[in-house]
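Take a look at the structures listed below.
What follows is chain A paired twice: with chain B in the first complex and chain C in the second.
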Partner chain A sequence: MNNTNIILVLVVLTNLKLLGSSRLGASIRVVAMQGVVLGLLPILAHTNELSVRFAVLAAGTIALKGIVFPWFLFRAVWEAEVTREVEPYVGYVTSLLAGVLILAVSFWMCERLPMPETLASSWLAPVAFFSIFAGLFLIVSRKRAVSQVLGFLVLENGVYAFGVGLAPHTSLLVEAGVLLDVFVAVFVMGITIFHINREFDHIETNRLNTLKD
Partner chain B sequence: MKPESFIPLLLALMLSPLLPGVINRTKALFAGRRGPPLLQIYFDLWKLLHKGAVYSRTTTWIFRAGPMLGLAAVLTAAMLVPLGNFPALIAFPADFLLFAGLLGLMRFFTVLAALDTGSSFEGMGASREVFFSALAEPALLVALATLARQAGSYSLSTLLGQVAGGHWLHLGPVLALVMIALMIVLLAENARIPVDDPNTHLELTMIHEVMVLDHGGPDFAFIVYGAALKLWLLAALVVGMVVPATGAPGLDLALVMGGMFAVAVVVGVVESVMARLRLAMVPQLLVGAGALAAAAFLLGLK
Partner chain C sequence: MILLLFIIPALAGLAAFALRSPAVRRGLLIGTALVHAALTAICWQTTPSPALGGWLALDAAGLLFLSITSGLFLVASFYAAGYLGQQANKHITDAEEGMLFDNAPEAVFIGCLLLFLATMTLVTVSQHFGLLWVAVEATTLASAPLIYFHRHHRSLEATWKYLLVCSVGIALALLACFFLGVAATPPNGEGFPLVLSDLVAKAQQLQTPWLKAACLLFFVGYGTKMGLAPLHTWLPDAHSEAPSVVSALLSGAVLNCAFLGLVRVQQVCVAAGLGAFGRDVWLLLGLVSLVVGAVFIIGQTDYKRLLAYSSVENMGIIALGVGLGSAGAFGAMLHAVNHSLAKAMLFLLSGNILARYQTKNIAQVRGLLSAAPVTGVLWVAGFLAITGTPPFGLFLSKFTILKAAIDGGRTWIVVMFLVAVGVIFIGMTTAFFGMAQGVPDKGASKLANRDRWWQIAPPAVLGLLVLWLGLAIPGPLNNVLRQIAATLGDAP
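For the complex of A and B:
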């Protein structure tokens, strides 16, 4: 119970840090940390029934979210990005305040949603929703394509946290399938970023609107 | 009014100039210097009190009243803050609002006195001070409100003791967030390093120092003493959250004093290992502290 809460607080902190941080490299590192912390969640949330399944799930999550994705994104930054700044539409201070507002809304919403009894912690649902909304906010409020991939990863982390806390007995196949989906998504996004960059010398998505042939 | 409730006030009055001394010694240790004596601030105060004051002809009575009223405000605030297990001299529900208000009043008079000099240099410092404190104050209030809600009590004397008493076991993460927010507020309000550098005399970077440049003699002594008291009071809040009551007054006192000097050492270490933030980054740090406090408040609701 208490271990889960510490993990959830770390997830909240990493999300706030992401909303307020201006560097792409730092943001990638923070998302990697969030992935590793969430990878530990299945082990720590269900300590009474430690099994090989949870260990495999944790190892897979940590390997993908903590090592493979960050490596891939760092490569995309090195190869495709000219500057290392996030370049937001919404400023960092405003983003932080929006983050607090999103957290409040998540708590307010989860008060009203019927929640199953099996949740690992009373913070789990609000924090998962906070991750999902914060990920969406990152996607719409940042110009760089890499930041949008990061927002997508944060969103997925929220879904993952909710899934792990809600139904510990989902089959390994489903979890592995979700991880594979995310992997393919990040892979495709990385390649797309690279190709956009080769064609247009920049990957600012706001300028893609004005493309003409 | 119990006799032991005079202890926090007396200790604050007597020992607060020691805290800057400890900070300076810590910084000197990191830099490999011997550093000024621990009692340097006392020597400075003694020297300043025996000097005369010089007043510019452009200043009015506001300039002369500023340091006195500022010191009076922080002295009143000192009566509200408990020290560990020892209750404050005055305690009533919601006194933490008065505490924040008195700190605001102290700053208001310092700012007025700075503006009264008519120097654009001091006006710049006053503008920065007001801007940054406007961001630090919500963090302080939300952090204290979180503690008040967890303790179920609205008076500083009882809420700090109750939080330190047993809430750490089941609310550790929430209280840790509150404590980090309070530490950032302490650094910002006392013009310490990530926000302001107390050693610098470069006009572009100064905040607090620049506002008090035109004060001299006893007036400056009031300002130095008031700043030391403010540091002491905010440190007492942080220490009060952590140090539990043991029952033995002697042991309590030793623990609390150890905690106060530990806070001073932490401030010194922060100043030694960190650079000052760019001015544009400071609002982000302070809003971040506010966000931490707000997150703690929300997490504490469940």
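For the complex of A and C:
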């Protein structure tokens, strides 16, 4: 088992942990860990062409996803001073079972697709898809605004993992742009959470239900 | 030149955050809009040279959408300056629930408006799919604070939905970019960059299954942002809660930017011989959007939501046009121009109505023609324009698309199109004429200090433009539309 696969296994485990986790603080830490682990991916996946570009990319990713985002989200949770539970629509055990099912489907699906040879590992695509689906699942099954941001981050991590696996054809400018966008996205979402908290005295999105037809 | 188009509004936006004086800030807004429009006008004369190694370039489609964006922004900036002057430094009573709320700081609003212009410009000039993605996501982020200008719980809800739904959708479009990257890597050979011209030139080498997967994901991603049903859920909320001038820009410019992203995808599909596959998806999403628009317009009680659903409907018509091949694509592009102008006009007018009547409820607005004659007349004219009544431009573009469907022998599409458009016409007639006629309450008449020039002139200019496009399509515009349509239809 090479280094890339260890990282991918860690990503799968963090996703499962996230699906079964009941505490917001723990969830934020798990996503931070996943961000750091994924930050190492470009260095380990392309050992034969180690360059400044991958180093910059890795450093940027780790700094943002491992330090800035968790700090920012912790502040959002702490400021809210409400019970620090995730409050799911779907129970933790059911979520975990759904996660395992999604994992199986992702592997089954990728067996059937013609994978390019440039991919760093044959597990990369299924794990990326698993993250994407798990992120979507988290967004729809959790009430808390912060949890939904975490779901968005997991989804983005999945897309990022797939992109890094292909790295040769994406360029630094685009990668930097993507990172910048994600940074601003989390920043704006964080500010919105502050306001939701102030306006409603809670951060549950199920009470955002005035606007409908 | 291309870089200037992007950098000037970006720098002006950053400067606006720092400026103290409101008058200078509003001057900066209008000044930047004027400079941007002037630069865009120069682009019609001489095609600017590509920048950043071909990543930024202005082709026919880019030029068309850049012009729409720039023109709308110019008109809207005058409205915005007046609007901000009126809204400055006071607590405002909410029209629906009677609570007091504040506005976001004006510096943030103008700064975000200018950054919004910069990001939309970047969308129109990006030739590289990765850069295009970055720009489209950036438009979402720059416009989210604009929707949350009025600080109360409904606009907050709308902002949250907008951010989350669009960000998730656009994250899937990023995956589609990577899929496209896989498609562009032949099994035994070097891949090539995701620049539109390269992709079109080497389209035969693209791997079909990955290209198809990328295409579908692009439709989900950019389709969300474009407001195609069933991915439109954020649209009515954001459009109804944002200040009217922002609604006008969202509807007139942002939806088009996402549409441009999809047009680029379709251009690659056509070049790769997958034009028919892409067109089927366009047709399907277009028809669903038409039907959803019709269903929600009937019996709608909120006039801003009514306009929002009309946007869903019109995006459906545009998608339908592209799905009908070259002739339809010509109509679709024309319709995109017309719809932007007419819808922005209506949203600006809806701001006037909201200010006067203090309600968004259709049933509570009566006697617009006697309470505010100019706004009232423009409102009726806007209604005639948006429903595609001759002699306005939308009649011409809808008719072109319909004709393409008839010539193609697509009977079912023709029938569904006509039924949906008919239903929408009836629904909107009920709403608009109810609002225009009757006797206004005392409140509305008493408030009737005459409408200010900034409330009247911008929508009137837009209305005249739509009328002009209905009577004659200027030669240069016709050329550009033809060039775009040629890239969207299979070679005979």
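Operating definition for what follows: the second predicted complex is superposed on the first by the 205 of 213 C-alpha atoms of A that agree within 3 Å, B and C clash if a C-alpha of one lies under 4 Å from a C-alpha of the other, contacts with A are read in each partner's own complex, and residues count from 1 in each chain.
We take it that a residue touches a chain if its C-beta (ideal position, glycine included) is under 8 Å from a C-beta of that chain, and two chains touch if they have at least 3 such contacts.
Source: prediction; values computed, not measured.
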| item | value |
| --- | --- |
| Chain C versus chain B on the shared chain A, clash or fit after superposition | fit |
| Partner chain(s) touched by A:V159 [first = chain B, second = chain C, both, neither] | second |
| Chain A-centred angle between chain C and chain B, computed on Cα centres after superposition, in steps of 10 ° | 150 |
| Partner chain in contact with A:V188 - chain B first, chain C second, else both or neither | second |
| Partner chain in contact with A:A76 - chain B first, chain C second, else both or neither | neither |
| Partner chain in contact with A:L38 - chain B first, chain C second, else both or neither | neither |
| Partner chain(s) touched by A:I139 [first = chain B, second = chain C, both, neither] | second |
| Partner chain(s) touched by A:L113 [first = chain B, second = chain C, both, neither] | second |
| Contacts of A:G20 with chain B and chain C, given as first, second, both or neither | first |
| Touching partner for A:N2 - first (chain B), second (chain C), both, neither | first |
| Partner contacting more residues of chain A (chain B vs chain C) | C |
| Smallest separation of CA atoms, chain C relative to chain B, angstrom | 20 |
| Contact footprint of chain C on chain A as seen in their complex | 113-114, 116-118, 132, 136, 139, 145, 148, 152, 155-156, 159, 162-163, 166, 168-171, 173-174, 177-178, 180-181, 184-185, 188-189, 192, 195-196, 199-200, 205, 208-211, 213 |
| Contact footprint of chain A on chain C as seen in their complex | 55, 128, 130-131, 133-134, 137-138, 140-141, 144-145, 148, 151-154, 156-161, 163-164, 167-168, 171-172, 174-175, 177-178, 181-182, 184-185, 187, 191-194, 207, 209-210, 236-237, 240-241, 296, 300, 305 |
| Touch list for chain A against partner chain B, complex | 2, 5-6, 9, 12-13, 16, 20, 92-93, 96-97, 99-100, 103-104, 107, 122-123, 126 |
| Footprint of chain A on chain B - complex, ascending | 170, 172-174, 177, 283-284, 287-288, 290-292, 294-295, 298-299, 301-302 |
